[in-house]
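Paired with subunit B in one complex and with subunit C in the other, subunit A is shared by the two complexes that follow.
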Partner chain A sequence: MTQLVVGPFNRVEGDLEVRLDVQDGAVEAAYANSPLFRGFEKMLAGADPRDALTITPRICGICSISQSVAAALALADAAKVEMPQQAKLAAAVLHGVENLADHITHFYLFFMPDFARPAYEGHDWYDEVVTRFTATRGTSQKAALDARARLFHITGVLGGKWPHTLAIQPAGVTRAPTAAERVRMLSTLKGFRRFLEAHLFGAPLEDFLALESRADLATWRTGDAGLFLRAAQELGLDGLGVGPRRYLSYGAYPMASGRTTRAGLWVDGQMGAFDPTSIVEHVSRSWMTGAAAHPFEGYTDPDEDMSETGYSWCKAPRLDGLTAEVGALARGIVDGHPLALSVAADGGVAARIAGRLLEIARTQIWLEEWVTALDPAQRFMGEFEVPKDGRGAGLVEAARGSLGHWLTIEDGRIANYQIIAPTTWNFSPRDENDAPGPLEAALVGAPVAACDKTPLSVQHIVRSFDPCMVCTVH
Partner chain B sequence: MNLLWLQSAGCGGCTMSLLCAEDPNVLDLLEDAGIHILWHPAISEATGDEARTLLEDVRSGAAKLDILCVEGSIVTGPKGTGRYHILSGTGRPMLDWVRELAPLAEHVLAVGTCAAFGGITAAGSNPASAVGLQYDGGLLGGVLPADFRTTSGLPVVNIAGCPTHPDWVTETLLLIVAGAMDADMLDDLQRPKFYAEHLIHHACPKNEFYEYKASARKLSEMGCMMEHLGCVGTQAVGDCNIRTWNGGGSCTRGGYPCIACTSPEFENPRHAFTETPKVAGIPVGLPSDMPKAWFMALASLSKAATPDRISRNASADRIEVAPKPKRERP
Partner chain C sequence: MSQIETFYDVMRRQGITRRSFMKYCSLTAAALGLGPSFVPKIAHAMETKPRTPVIWINGLECTCCSESFIRGAHPLAKDVVLSMISLDYSHVLMAAAGEAAEAALEEAIEKYKGNYILAVEGNPPLNEDGMFCINAGKPFVEQLRHVAKDAKAIISWGACASYGCVQAAKPNPTQATPVHKVIKDKPIIKVPGCPPIAEVMTGVITYMLTFDRLPELDRQGRPAMFYGQRIHDKCYRRPHFDAGQFVEHWDDENARKGYCLYKVGCKGPTTYNACSTVRWNEGTSFPIQSGHGCIGCSEDGFWDQGSFYNRVTDLTQFGVEANADQVGMAAAGVVGGGIALHAAVSALKSAQKKSQDHVSENEEA
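Presenting the complex of A and B:
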């Protein structure tokens, strides 16, 4: 057996190290290490609860609005208030724009450049991939960057800036849009649709959304998506990096009529309800002190000696004692979308990318509907006061999956704050039962060539999860 | 010029902000400026052993290091070891990497307030013992000593902001390439003057409310946020309202206060971020270069003179009373 240490693992958000035990040309065991500890939960202890709205978005520069919405919902839950219906729409627009942009950043900047590596020379798609996706130079990369920057003009209007807006509050949003701003945002969205249809899909979004099965998807040949699908089929990426096949979603985008996508847990073809009280974070293999606990009871106290039993600053969240995979694919599956359910049968690298492509198309259409539904004549802010004592949870869906904030207020100050981020789920270390996290399990069996120090198969699998390491440990 | 970018203990948001650069996008801009990215953790191809080789080349001098950009604070914990952030795959704390590579660079840029002063990573009890490159909060001397100078003779350039504006980074880089970045271009905290010699207050759309101290009492109201909602735009540097963000935004344009994110120790304001601390009903922290008595006198005069239009709009979330210029009246 040989051991490989892959790091710095770049083109993921934040710092990641993956240790691999390799036997007979394949990964036998994998260990994911989140090597950065900052301690946001400790920073928040004793703070004015409202300060969570300023501090927690700064956990992450790529999922900043997700953190912001989770904090706002946790405070709202503790104070027993709710945003007015139009504020929910505006918050969903801000959040949807970030999630959409994150998927684009992932596909164009983080994931696709690996297919432009010399190792793939000779494949009939290779030259085209090199032109479009070579890191820092690809023509599609640059087009995506331009389109992404323009899409963020919506956060300029409604949120002041991105990342790190303070516009989303427990009882509403700080900025009531005007009628002129509403039509301007619609025009910005039209521009983004033009990019998606010209570059990513090479066809109307509705055509992609009409795909209902992996067989349908296999016929898609246009746009950058088609180029990926060609490469994926040739390289067998559907069977690579299969996860635990337990898919969790908290349900995305709370609206007056409920969440836009369903919440739940999908296991082996069965949809079940998801019970937030059955979440437990294990710390046995983390550089953390304490015992396994639900986030309302848990705390964060790093083991300064970094004892031998631990190998990551990340805790290991488990649902009913088991791992769960979160992300765009999980959301699509739990929401019952036929294409997502169909690719769930594979559950590997290609399925995760398909789940994201599907969600890009759906999110663009949701955003168009939401901005259209904004009514500048309505109220965008209600009343909110910090309760003297209370507790609340804020559960949202970030681009990378389920994000939760659990807050306890005592005597008007934060007594405890716990966060479980999407990549805490996906890239968790082993738990008390020595069960590996979803990524660690997905890496087992990945092929490794004899002289390979940074196996491409491992890179595809890791990046297919779109990890956000700064959120993971926070 | 060769550029190496390291992401230390931060959120990565300054890179994400930089990717919002427009006209042209940041990749075109760097290419046109002749800046070659040796390695950037978010966008370069090289990973794992390839990236380690690149870092070794810089360390050995085989690759010339013209510009070192560090994003994120440097964590020195636990117990001064820096092991709260080991640069993955290298077994060495980022603290050691930065101390070793910074003296090799012709220019060192601290990208964002974390890298400049410690920033949000140093909030509250500062659990990871985060500091900036050349500052620990407002005190000179971070992981690099107070008298640190790069091979070009400059100290660390602090492109502070949480996040930084993409143009603050690109224009600093362009000035370096043009050979125009010298010590006179930096303010007392080593921030580029081109943005740090403005105040957030400049071009704030709430200026008319400020003139009359017509104040918002609740977030979402249009009035000035200085008196009640914690806004320190009159005391914080930055051209946010002149240049604007993401096609036309800014914090105050978004309806929430400036929290002085370009300043050292903004992360620990000693009061809730969105609430103005007061002594005997008078906000503390009035504009720093104005005598307090004058400010109070002018404020009470202007408050008394507030037109109905302004006081009504100040407590509304949209314009309720439009201005009616005299010569336009029928």
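Presenting the complex of A and C:
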């Protein structure tokens, strides 16, 4: 058996190191280490609860609105208030734009450039991939960066700036859009749809959304999506990197009539309910002190000796004692979308990318509906006062999966604040029962050629989760 | 290595036409506030000077600076700067991975010894011998020292590298430390903000690449061309401050009318940055325009000044012994009071914050 340390990984958000035990040309065991700790939960203790709205988004420069929405919902839950219906729409527009942009960043800047590596020379799709996706030079990359920057005009209009938007508050949003701004946002969305249809899908969005099964998807040949599918089929990426096949979603985008996508836990073809009280964070293999606890009870105290049993700053969240994979694919599956359910049968690298492509198309259409429904004459902000004592949870769906904030207020100050980010779920270390986290499980069996220090299979599997390492540990 | 590669060579190699190149030169001059006479000077510099390499490293951070940077407003300027940077080393954007990436870094250091600019995003945590941020098996602080040793100058991107930012908030669990407190023997230019505005980032780096020197800095080490203006002085809501018209609650009628956000905690009066002029997301807007006060993210210590929603109560450093309430009363009674204040304040150009002003915990008017 040989040991291989892969990392630091570039083209992922933040720092990551993966240790692999390799036997007979394949990964036998994997250990994910998140080597970056900042201690946000410790800084929040004692602060004015409203300051969570400014501090937590700065956990991450890529999914800052997700953190901001989670903090706002946790405060709203503690204060027993709710946003007016129009504010929910505006918050969903801000959040949807960020999630959409994150998926685009992942596909064009982080994931696809791996297929332009010299190792793939000779495949009939290779030249096309090099032209479109070579890091920092590809033609499609340029188009995507420009389209993405223009899409962010919407966060400019509603949020003032991005990243680290401040507009989302517990009882609403600070900006009531004007009629002219509503029209401007609609035209921005029209522009983004043009990019999606010209580059990513090479066809009308509705055509892609009409796909219902793996077999349908396998025939898709247009756009950058088609190019990926061609490569994926030839390289067998559907069977590579299969996770625990337990998919969790808190349900995305709260609206007056409930969440836009369903919340739940899907295990081997069975849909079940999601019970937030059954979440427990284990710390036995983390460099953390304390015992396994629900986030309302848990605390964050790094083990400064970095004792031998631990190997990551990341805690290990478990639902009913078991791991769960989160992300766009999980959301599609839990929401019962036929294409997502169909690719769930594979559950590997290709399924995760397909889940994201599907969500890109769906989110564009949601955004068009939401902006159309904005009514500048209505209220966008309600009453909010920080309660003297109380506690609340803010559960949202970030681009990379389920994000939760758990907040306890005592005497008008934050007494405890715990955060579980999407990649905390996906890239968690082993737990008390020595069960590996979803990535660690997905890496088992990945082929590793002798003397290959950066095996491509490992690169594909890791990036297919779209890890956000700065969120993971925070 | 006998052939000296110039900026112009690189640009042409990247498929940028002569016409676009000249356009880039005039854009650069405009962005930096230089007159048209500078255009041929910039062009000449770029045609004859060897390309200045840039190495970009990331420490304890959230990547918001990179995020901001890749959304620079002018596609041409962004493309040019981005392609020049990516030639050397950028963890977030480059193609290579793992050992190949580390090898690329070493090669760039060796090849451009003493000549490259080091751009740092994030900062080193010093607690526990730096173990809270590990890069390639070593604490980030070691990588920082290693790469800084042979750098010509250092750019500290964002509030993290410049000041510490929120990760250095009390109790600063990892002892996150700004770059200038670790590296003391190199010229350092601070480009604070959380994140800095994209146009400010491209402007600073373009200036350094073009003229091969640091731009003029203010006393805190920030480029004066972007950080010489107080947000409050260029804010489009300023007339409402002078008229004593304030938002009292997020949901009140005054918020709809776009009144001044001072009373809900806006830090515009003590913050120096280009937000109210350059604005964000390609000039679309900025926080105050979205109805939320400025949090002062380009100022040292903005994360530990009490709540972000407490108002700045004391503006005495401007020689005006008044807070907003008094200004409002004065403006109601004396015509022209606001104008006098404005003139007094505009006369001050450089940052004089810190120690003089403080933020109170009380909320009563």
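A few remarks follow.
Methods note: the second predicted complex is superposed on the first by the 474 of 474 C-alpha atoms of A that agree within 3 Å, B and C clash if a C-alpha of one lies under 4 Å from a C-alpha of the other, contacts with A are read in each partner's own complex, and residues count from 1 in each chain.
Here, contacts are C-beta pairs under 8 Å (C-beta built on N, C-alpha and C of every residue); 3 or more make two chains touch, one makes a residue touch a chain.
In this text, all values refer to a predicted model and were calculated from it rather than measured experimentally.
On the superposed subunit A, the two partners subunit B and subunit C do not both fit; they clash. In the superposition on chain A, A:L16 makes contact with subunit B only, not with subunit C. Touch criterion met: A:Q169 reaches subunit B and subunit C at once.
When the two complexes are overlaid on their common chain A, residue A:L443 makes contact with neither subunit B nor subunit C. Of the two partner chains placed by superposition, subunit B and subunit C are both touched by A:Q459.
In the overlay built on the shared chain, the residue A:A135 is in contact with subunit B and with subunit C.
When the two complexes are overlaid on their common chain A, residue A:A92 makes contact with neither subunit B nor subunit C. Residue contacts after overlaying the shared chain place A:T178 against subunit B, while subunit C stays out of touching range. Of the two partner chains, both subunit B and subunit C are touched by A:H153.
In the superposition on chain A, contact of A:C314 is made with neither subunit B nor subunit C.
Touching of subunit A by both subunit B and subunit C, each in its own complex, is seen for residues 5-11, 13-15, 17, 35-39, 42-43, 46-48, 50-51, 53-55, 58-62, 64, 109, 113, 116-117, 134-137, 142, 145-146, 148-150, 152-153, 155-167, 169, 172-176, 302, 304, 306, 313, 379, 381, 453-454, 459, 470. Listing the residues of subunit B that touch subunit A in their complex gives 7, 9-17, 19-22, 25-28, 31, 37, 39-52, 75, 77-79, 83-90, 120-121, 123-128, 130, 162-163, 218-220, 240, 244-257, 259, 261, 267, 271-275, 317-318. Within the complex formed with subunit C, the subunit A residues making contact are 5-11, 13-15, 17, 35-40, 42-43, 46-48, 50-51, 53-55, 58-62, 64, 109, 113, 116-117, 134-137, 142, 145-146, 148-150, 152-153, 155-167, 169, 171-176, 302, 304, 306, 313, 379, 381-384, 453-454, 459, 470.
Those residues of subunit A that touch subunit B in the complex are listed here as 5-11, 13-17, 33, 35-39, 42-48, 50-51, 53-55, 58-62, 64, 105, 109-110, 113-114, 116-117, 134-137, 141-142, 145-146, 148-150, 152-153, 155-167, 169, 172-176, 178, 302, 304-306, 313, 376, 379-381, 453-454, 459, 470. Those residues of subunit C whose C-beta lies close enough to touch subunit A in the complex are 14, 58, 60-68, 70-71, 75, 79, 82-83, 86, 91-102, 125, 127-128, 131-137, 165-167, 169-174, 176, 194-195, 250-251, 255-256, 275, 279-282, 284-292, 295, 297, 303, 306-309.
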